[in-house]
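Okay, so subunit A shows up in both of these, paired with subunit B first and subunit C after.
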Partner chain A sequence: MHDFSLPIGPINPSIKEPTCIKLDLEGNTIMKAYLQLGYVHKGVEHLLEGKRIEQALYIAQRICGICSFCHSNGFNQTIEKMLDYEPPKRVKYIRTLVTELERIQSHILWMGFMFHEFGFDTMFQYLLRDREHILEVFERVTGGRVHHAINKPKTVRYDIDEKDIKFILEKLKIIEKQFNKYLDIIKTDKVTKKRLINVGIIKKQQAKRYCLVGPNARASNLNNDIRKKHPYDAYPYLDFDCIMDRQGDAYARLIVRFMEVLESIKIIRQLLKGLPEGEIPKPSLVFIKEGMATSQVEAPRGENFYFTIVKDNKLERVKIRTPTFAVINILPILLENMVIGDVPVILHSIDPCFSCMERVIVVKDKKREVMDEHAFLHKYCDHHH
Partner chain B sequence: MSQIKIKELKVENFKKEIEDRKNRRLIAISGVDQGNNFAVYYHFDDREEVENLKFTLSKDNPKIPTIVFDFPSSELYERETHDFFGIEFEGNPRLKEKLFLPEDFKGKPPLLKRENEDA
Partner chain C sequence: MSMHSYINIVTTIIKLIGIIPIALLVDGIFRKLLARMQNRVGPPIIQPFYDIIKLFGKKKSDSKGYKNILFRTIPFLYFVSTFSLFLFVFGIVRFEFDFIMLIYMIILSSAMYILLGLVSNSPFGAFGSMRDMLLMICYEIIMTISLFSFVVYSDVLSLGQLNESWLIFKLPIAGVCLFIVALVETRITPFDTAEAEAEIMGSIETEYSGKSLGFIDVSRQLRLLFFIVLLVKILFNPIGIIEFILFSALVFFVLLFSEATTARYRADQTFILLVMVLILSVIEFIRLYLLVW
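For the complex of A and B:
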């Protein structure tokens, strides 16, 4: 039984990407929540079919604007597995460096918006200011602030030198100093605690049943960290901890991601200190007659899974399971029995990335019923032209 | 050449195979159009590599039981595969609701191979 239904989204200032949550309400309390997805389809899986490997890499790294490198890395790994090729250690270190920088960047962005959700906008501004340092590092190391097109099959595009290392270390120092300051704020601020503690609790048993991944699982004391479970790139050579928490609420998820930034800084320092000497192989074309491979990489939001089938040097099928797709199904359950005011906080606390998740739709279909741009203009804008 | 570990299994043994893996982590479900038939891959996390279970379904009547009650996260994976390949996951309560495609979408599932049609 419910009094009325309230749709939130697809366009709503409290949701950063288009999605729709329909809520059955009784007074202010949510009785049941339904998710409606599909507002940011880009058709990537369909687009990848029939492409050559080099072409596909360009598409793969543009799937997401926040974890761009993790997508290209996941795809690349499947290709390298099919070729039975292991890249030189220096390439592995550079890939890991970009992965960790991306994690810092993504977590800072997430934290900024998390504070923004409950009106702590000062913190939001501080965090985005700090994120700029990482973007500057990206610009210098990979050439791109958003899409780090540094990966190539078998190699990376750019090497790093002593000056780059010095630059990165300086920037990390700034971020570390700021973050130690913020830790006090997070641990003592009353509003932050009131809004986040005991909100959207995921128990460990539930996290396991729902096969959660990434920081969301780790905040519920379930370790599904691919960096430890199936170490890839340079992770086998590194010494780092998986940040865990027992509470499983939104506050735990904040703390986990916060501490992960500091842990990533630690990892990057190790990487730069132990960066192996050597040349980076020149990019070359790869040929695969037939092959099939899977790969798992730990993106900022959790495990990113790729399943690639290649036939005659063309992609037959690519299946991408992004971390959000594994996590989002628990959202309606988290929202039950909460109040409307908690919706933005809970939704944001699991760090959904809808652009990553929703990729497939018909691009070309002769008998299509879907409204295209032309039909839309004809119906709604014709009298203006 | 490929190092992937695939277990080709019969649909008749489906329930038993899933029951054996109840405590494992389901990573994803992928549908593949193989021309004459469909393949449905169930990817499970394993200690070493990903374990891939492959079930082959005929194109006339592609049906496989749902695993929604053992793995709640599979609801979305099954609905996605149903949307894009038209594979029936028997028992999934929300299978007919479109996940990523528009509500009023009609026509063939979009990820089917359509070489003959385009020619």
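For the complex of A and C:
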């Protein structure tokens, strides 16, 4: 057999965003994988510098298309911490509601593409049909199907009423019924099991060493759930479980996300049942002379970290650590010694979102170089070590 | 030549040319029904006609590949070798031991498909060919053994003489083996490993465009129709034309159902499965040996 070097990407049906993975092959087996990033670097952090808080919120919402609310929520929390302001309980509940709805739609989309990766197109289409119900809820509650710009400093833009609650509960009932059906399929379908079990195993030790976050860590029996560890918004008042699995393979990641959707439905039911009475404050401008704060939010993919410095009501520096940033470094190691057929499954199983992850671009001696933070520190900041 | 033989030749030609629109139509129905099963609207039934007309209307590409003569001619040869399969199943060519020729032609057609990937000078094409070759080692032997089982059982010298109906109940295992081969050959899940688009992009067809892709597309559709006809002919062998269409529809739906409800096996998993099927077909042949002689 020949030795190949096969590029996966930048444009490839198995990658939903442009990125490039170069594979060194021996026959059908991958000897080494190289990750080449930088195709969708947007320079968001630089874009945020010097903006007013109201402007910056709009940019933060547009960092990611799937978890748009989690970004605005993370940014908002830093602002509220600087103001030393505690929003009313009703606002907290509405924020949590949107977060959990977002988790459901993100996981459903991920699952759909996961099934598509190994040729189960019928499930893919069915899951996208079900995702439509959640998007309808978003349209009704927040006014936008994809970018739900409901957050404002100190408050949210829209309140929800009895009719909305009834509508949401109806839609959740449909999703829950469908998902119980799909769970049977996943647990019994032989081909699905053969394609996913023992593929891309991450051990607990590895998960700890690479600081994995979110469902990927939870599938390896490492609980990094910010909702439990550092509860924010309405999470302290809620009763829910963190879904865990021991296996750490692609199948475990699928099951964890599947159960998380059902868990989110449970959370939303609790939220709607215990929604506190009261008015939500009207949006108003905020002024911060000087301040610095961090926040952590559990996005669908895992921990979303924000660090913000404000000076004279303008942003001096924003540091964003998205979940994919923590996960992506393990990808080349997962791909080693696997076969070509497993590449799309492994790649998709960690749920990468490249456009919100890409951070550092170095231009030196007219040579453009793209790297993550770790590589940057290693190469250019040796005196730190 | 008499008047009668002239009419015979004309009807034969009409029959043969008529196969292509039928194959396209079958593919159109396949796509539409699959889309409805997957909760999509799907393309119109005559979409394959639009596709083919579009592809054949394209101008010659000026890529480097067009200097390679194999790159240009193999798609046409693939089409011809696939098209000639119909000569046998419709009884247009009839001679003793013609089933051996049929098996040879099926292998030739598959070999042309593999060659398509190798001459296209693309790593994805090479991978597709590699996978198909790996599978071909198994499935062509399975098909040969199964076809021989049927021919030996009914004790005929050519496929045209095959006049026994409901052979599937007499040789059920061979029937299942033949069906699995049809799944692999027509690239229907769970065995569409050779053209897994998420894994190796367009696989063998990655580099092709225009007329070449048109020929490849038509050949793929012809193969689907051919295997439906072959399965009906050998497993059921109905007498009337209406029964024939009904049984074809049955086989068509089973294939469609398989495509809609299963995921794709990995290449090595498919290979192991096919080896199992190979063992099954050999067992059936041994059983037949005890049965007949």
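Just so it is clear, the second predicted complex is superposed on the first by the 356 of 385 C-alpha atoms of A that agree within 3 Å, B and C clash if a C-alpha of one lies under 4 Å from a C-alpha of the other, contacts with A are read in each partner's own complex, and residues count from 1 in each chain.
Just so it is clear, a residue touches a chain if its C-beta (ideal position, glycine included) is under 8 Å from a C-beta of that chain, and two chains touch if they have at least 3 such contacts.
Just so it is clear, the model here is predicted, and its values are computed rather than measured.
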Contacts of A:Val191 with subunit B and subunit C, given as first, second, both or neither: second
Dominant toucher of subunit A (residue count), subunit B or subunit C: B
First (subunit B), second (subunit C), both or neither touched by A:Glu303: first
Which superposed partner A:Asp342 touches (first subunit B, second subunit C, both, neither): second
Contacts of A:Phe115 with subunit B and subunit C, given as first, second, both or neither: second
Touching partner for A:Pro13 - first (subunit B), second (subunit C), both, neither: second
Contact residues common to both interfaces of subunit A (with subunit B and with subunit C): none
Footprint of subunit B on subunit A - complex, ascending: 37-38, 41, 45-46, 49, 81-82, 84, 208-211, 224, 229-230, 289-294, 296, 303, 305, 307, 309, 316-317, 319, 321, 325-326, 328-330, 358, 360-362, 365-370
Footprint of subunit A on subunit B - complex, ascending: 1-4, 6, 25-28, 30, 32-33, 41, 43, 45, 48-50, 52, 71-73, 75-77, 80, 84, 98-102, 104-108, 110-111, 117
Residues of subunit A touching subunit C in the complex: 1-2, 4-6, 12-14, 28, 115-122, 124-126, 129, 189, 191-192, 194-195, 339-344
Residue ranges of subunit C touching subunit A (in the complex, touch as defined): 37-40, 123-124, 126-127, 130, 189-190, 192-193, 196-201, 260-269
